[in-house]
Amino acid sequence: MTPETRDRLTKVSTATLCTALFKRGLRHQMIQGVLPLNPGLPNMVGEAFTLRYMPAREDRNGIEVFQNRAHPQRKAVEECPPGAVMVIDSRKDARAASAGGILVARLMQRGVAGVVTDGGFRDSPDIARYAMPAYHSRPSAPTNLTLHEAIEINGPIGCGDAPVFPGDVVVGDAEGVVVIPAHLAEEIAAEATEMTVFEDFVQEKVLEGRSILGLYPPTDEHSRTDFAAWRTARGR
Amino acid sequence: MTPETRDRLTKVSTATLCTALFKRGLRHQMIQGVLPLNPGLPNMVGEAFTLRYMPAREDRNGIEVFQNRAHPQRKAVEECPPGAVMVIDSRKDARAASAGGILVARLMQRGVAGVVTDGGFRDSPDIARYAMPAYHSRPSAPTNLTLHEAIEINGPIGCGDAPVFPGDVVVGDAEGVVVIPAHLAEEIAAEATEMTVFEDFVQEKVLEGRSILGLYPPTDEHSRTDFAAWRTARGR
Amino acid sequence: MTPETRDRLTKVSTATLCTALFKRGLRHQMIQGVLPLNPGLPNMVGEAFTLRYMPAREDRNGIEVFQNRAHPQRKAVEECPPGAVMVIDSRKDARAASAGGILVARLMQRGVAGVVTDGGFRDSPDIARYAMPAYHSRPSAPTNLTLHEAIEINGPIGCGDAPVFPGDVVVGDAEGVVVIPAHLAEEIAAEATEMTVFEDFVQEKVLEGRSILGLYPPTDEHSRTDFAAWRTARGR
Amino acid sequence: MTPETRDRLTKVSTATLCTALFKRGLRHQMIQGVLPLNPGLPNMVGEAFTLRYMPAREDRNGIEVFQNRAHPQRKAVEECPPGAVMVIDSRKDARAASAGGILVARLMQRGVAGVVTDGGFRDSPDIARYAMPAYHSRPSAPTNLTLHEAIEINGPIGCGDAPVFPGDVVVGDAEGVVVIPAHLAEEIAAEATEMTVFEDFVQEKVLEGRSILGLYPPTDEHSRTDFAAWRTARGR
Amino acid sequence: MTPETRDRLTKVSTATLCTALFKRGLRHQMIQGVLPLNPGLPNMVGEAFTLRYMPAREDRNGIEVFQNRAHPQRKAVEECPPGAVMVIDSRKDARAASAGGILVARLMQRGVAGVVTDGGFRDSPDIARYAMPAYHSRPSAPTNLTLHEAIEINGPIGCGDAPVFPGDVVVGDAEGVVVIPAHLAEEIAAEATEMTVFEDFVQEKVLEGRSILGLYPPTDEHSRTDFAAWRTARGR
Amino acid sequence: MTPETRDRLTKVSTATLCTALFKRGLRHQMIQGVLPLNPGLPNMVGEAFTLRYMPAREDRNGIEVFQNRAHPQRKAVEECPPGAVMVIDSRKDARAASAGGILVARLMQRGVAGVVTDGGFRDSPDIARYAMPAYHSRPSAPTNLTLHEAIEINGPIGCGDAPVFPGDVVVGDAEGVVVIPAHLAEEIAAEATEMTVFEDFVQEKVLEGRSILGLYPPTDEHSRTDFAAWRTARGR
């Protein structure tokens, strides 16, 4: 992802990105059912670095496993690249935590762009105060060992019913998280940027009292000329 | 709905309305599973104007369909009467949006009283800032075309497992949305207003330390005389 | 529960308590799916006093049943001991209320430590302003009579898939509610207090930039010596 | 229940019983989501004898608990009266068994009329061969100790969202199980018997080619006279 | 639908039809979650004739409503054309019946090709013995009035998350039910017929021991020549 | 797995195996929610060979992908060892197929011991007639490409919420499927064999009229002596 693409993606919404993906036949890229713990932050943007959990077998998941420095959960936290987004496949099961405040703090401190699970985080009140975006389905206090064993780092996964490949571009806003296939990131970012300019124009006109018919989409000629003029005036 | 009924309904809670409906044998009038995006607003009150979605068939729901000014979703937004509440049957499926910020802005600008879906809205952070009440189950960024085809305007529908007929009176507060059959609106509003006076009295007494036994309901004679005195003193 | 145990439990998180329980083989003590209505309050701590609902049969649950002072719902509210937590088994069904603002106000006024249901409360905007912690799955305006009949006071129940026995120690924070078996309360409180000191140390070090490897858990010798020094310095 | 009522209930369907209950305002008496393991048997009819499970706490539910002859699950199996139906509240959770083949065999051998759980049975292939009706939601091999602790014998419970009081009359056919409040059993049995005669007549006429309009219900005069003649001819 | 198309559709599977639809970008045409009550019958084939239910409001759905000959449920049963398939939108709610044995018998007697609901049928043991295919999600004894009000005949609906328009071609086999858009029925029937010939060949070869690689799909030249020879030999 | 272990596992039930696992603290080894398509077959026994699906991205899952001989789904079918059980992680999503009749036929022809998915099979009526055991949650006609992309062969997975590692021993009977960790297979098989002898004795005695108290478990001395005698007499 180029710096320009990253920059553009911080300024568009997941809703607009979903529409650009829909136009290309991609209908399942939104991670279903996750919300931000800290919705006031700027957009989360980064390449996906993934962690996959499987159901925990009790004899492999005693509290002592974390004595092992190579435990995949801890290893993933130390290896996730700065600027990336850690995406965790928790099989949509939030009955036990995907991670907690200390690991999320470590990700933040290492410069990671954000963290997403389709399960839940523990220490969620702490995480909600951090400056790094985090998304989950609901708070979940029980330790991950209760139900989840970290089994694979940076392979292809599902998260909230969306397909996620390492390197895909992940964008989050106050509404949720969308996954853009790596090879489409640049063109989607460009298209969404253009769409956002037009939607800002439409939003303004609608709030001034104009009908959406002929304006959204701009099937009326004068909608297109008005937009051209507005755009020039705003320098966008 | 008379202006007096509308006014009364702005001052009672959905909880009280549900009890008044329960007394008449109506147990399913609460729209289950929706919450306000903007909970600080006054009550939403208006007659139901409905929109029904069916599952989207891909060949009928390309992005180009909105070029058609007669598309039911857009038509509904322009036709919903001022003072009405648009109620959308999204089959409780929030995996794609029921509508987005621009359409909701248009409804607001046209004087519509509020909007409810048993699915989700996109651009929900924008909608949360609007002055018109909106209710959904959760944010949902993907365009409605992904899963929903608007198929019927202002027919009878289900919304959140509640039956909704056009013209029913819809009331929303910070807790959710209730549907009052049109022919009962006046009497329910009157009864709920009376109930609210009594509940305010009870609430005050309970916070002063009185037991609920004999007070709520007022099976003790002195509860009834205390209430009469309180009511006179308060001029209610 | 001794005053010391109660005091300790106000200062630890449900996440830490879950880990201490997990070490003892107890994996299902978190009440799944409930959130606080008033998350800014201090921890809720108290012995469980339970109320069980069964499905309501219509002929037994008319509005007139509350004329009976001995109705178990009302009786429970008046009998729940000060300092206890009322835990309600609503069979995870929030389509009708477990209780409303007036009953919750009465509990608060009587000195009860908090109230939990795996269903929903009505008058939830009022309850959210009270100074007593309350937890539920979502707001629910319909009267409990619609679906729930209060049938048993202070027997063993399930709540959010957790087992709850009268007298168990119930702790809630901004993340949710955990149930500690009565006979373990003291040792769990003590252990969680120790764990919290160490986790505070780790959190601080991580935010200063230290890796979690060797620190959490402290498999490196210097992590242990650093902690000892930190602890002495902080007087904890 | 008189022998005549019991006899009548063996000859009517749960569908007809549900309609008779509906006419009296009882809408939730069908145990939702259970099916017979042995659908070829005659109707199951008997008074409810109940068993309630709560979520299992691990330290109370080791395999050794069955050494205790007073364990409520085993006790219930030995105490359930001949002719009664054992109804088990498993909180609609079939991830672990409610009971297995040996206990169900013992119930059968003791003359119990049938057994129902809103969870699942283990050894279900064996139970499917028994001559006593058994109903569950699906097979479930794990021992009940995994998730369920038997906690109360013969109290009021919920089963499949239906209210069940000890002594209620429970009827099962190939479609499912319905719960008739004890005080209504006689009149419901009588009414359902009458309804069944009429429905048999209608069924026969419909299969002969007659329209349902005017026949079902018999709003046409000739439908009523035809039925009277048919009834006389059949001696019913 | 031509007689030839109808005939072809009796000889292909819903699985093959789904693949033909998938090739055209139609991914949601299978009615999810329904099974045949009478799986031994030949394929069900017919044009969709629809019935839509909404949630029942108690004051509109007393037992007396069937006195009205124009009640939509009864009217639909008398109006559904011979050779058509009645498809019922029950909002995937099987807690009350969509229809019962008498109405289904009348449909059969009138020459209707089959009946589908995404809810459940009552009198399901009777229906299972009929010679007309019927599909539902599970048996459901309670009368439809408990939860469902028939509100619209032959409009566009959803059924099991599939879009259904009147006149669409509906095909059912022992696996379930698929909905073919009317304008595609002929070409889909033709293509599925061809696919079936090839799949029969593949199935035979696989059972004889051949690898699927190069055979399914026939990327090996000799697979194609073998198929040509086989087809000639079988006269298909 | 030794031949003796394999042989023993063909003669014990999944219920008995679950209890043996429970005694060792393993509570989640049953694959939840799957049933046999062909329940009359002998037990399925084999080492797990796994296939993992992720959510399908549309641009990677066109019908043409099967032209690729190295496609993981097809490759897995050709590589699964004779005597093994193919276990498919379909994320419990049966809205599209995990595999169909031709692939299952190929597995059978290759000597594979069985196949399990926590999704659904297409061509399920064909598969139900095969002599190789197959387990799924429900029939599902749509091609796997609709929702599932085969992404990994023979890694650790979850299936029906159970952890499955390649080489674990998988046993299926008419009730469902259980996963035995590889290192425990021999001892579990031996213990379950012993348990089965005793349960057969108990079953026989119960059907003869003996109480379960003191017999199951055999806390009475005479139960143990009776069993010893019975065992000798039967030569088991």
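All chains are identified by letter, namely A, B, C, D, E and F, in their written order; residue positions are counted from 1 within each chain.
Keep in mind that, in the parts below, contacts are C-beta pairs under 8 Å (C-beta built on N, C-alpha and C of every residue); 3 or more make two chains touch, one makes a residue touch a chain.
Note that the structure is a prediction, hence the values are computed from the model and not measured.
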{"item": "Label of the chain whose CA centroid is most distant from the centroid of chain B", "value": "F"}
{"item": "Copies chain D and chain E - rotation angle from C-alpha fit, nearest 5 degrees", "value": "120"}
{"item": "Chain pair among A-F, D-E or A-B whose interface repeats that of C-D, sharing over half of the contact pairs by residue number", "value": "A-F"}
{"item": "Which of B-E and B-C has more C-beta pairs touching across its chains", "value": "B-C"}
{"item": "Centroid spacing, where centroids are CA-atom means, of chain A and chain E in whole angstrom", "value": "39"}
{"item": "Intercentroid distance (Cα basis), chain C paired with chain A, Å", "value": "31"}
{"item": "Touching two or more other chains - residue numbers and ranges from chain F", "value": "27"}
{"item": "Pairwise chain contacts under the document criterion", "value": "A-B, A-C, A-F, B-C, B-E, C-D, D-E, D-F, E-F"}
{"item": "Residue ranges of chain D in contact with chain E within the complex", "value": "13-15, 17-19, 22-23, 27, 30, 32-33, 35, 39, 173-176, 178, 199, 202-203, 206-207, 209, 211-214, 216-217, 219"}
{"item": "Complex contacts: residues of chain B adjacent to chain E", "value": "24-29, 54-60, 91, 149, 151-152, 155-158, 161-163, 181"}
{"item": "Touching residues on chain A, where the partner in the complex is chain C", "value": "63, 66-67, 69, 74, 77-78, 95, 97, 100-103, 105-106, 109, 122-126, 138-143, 145-146"}
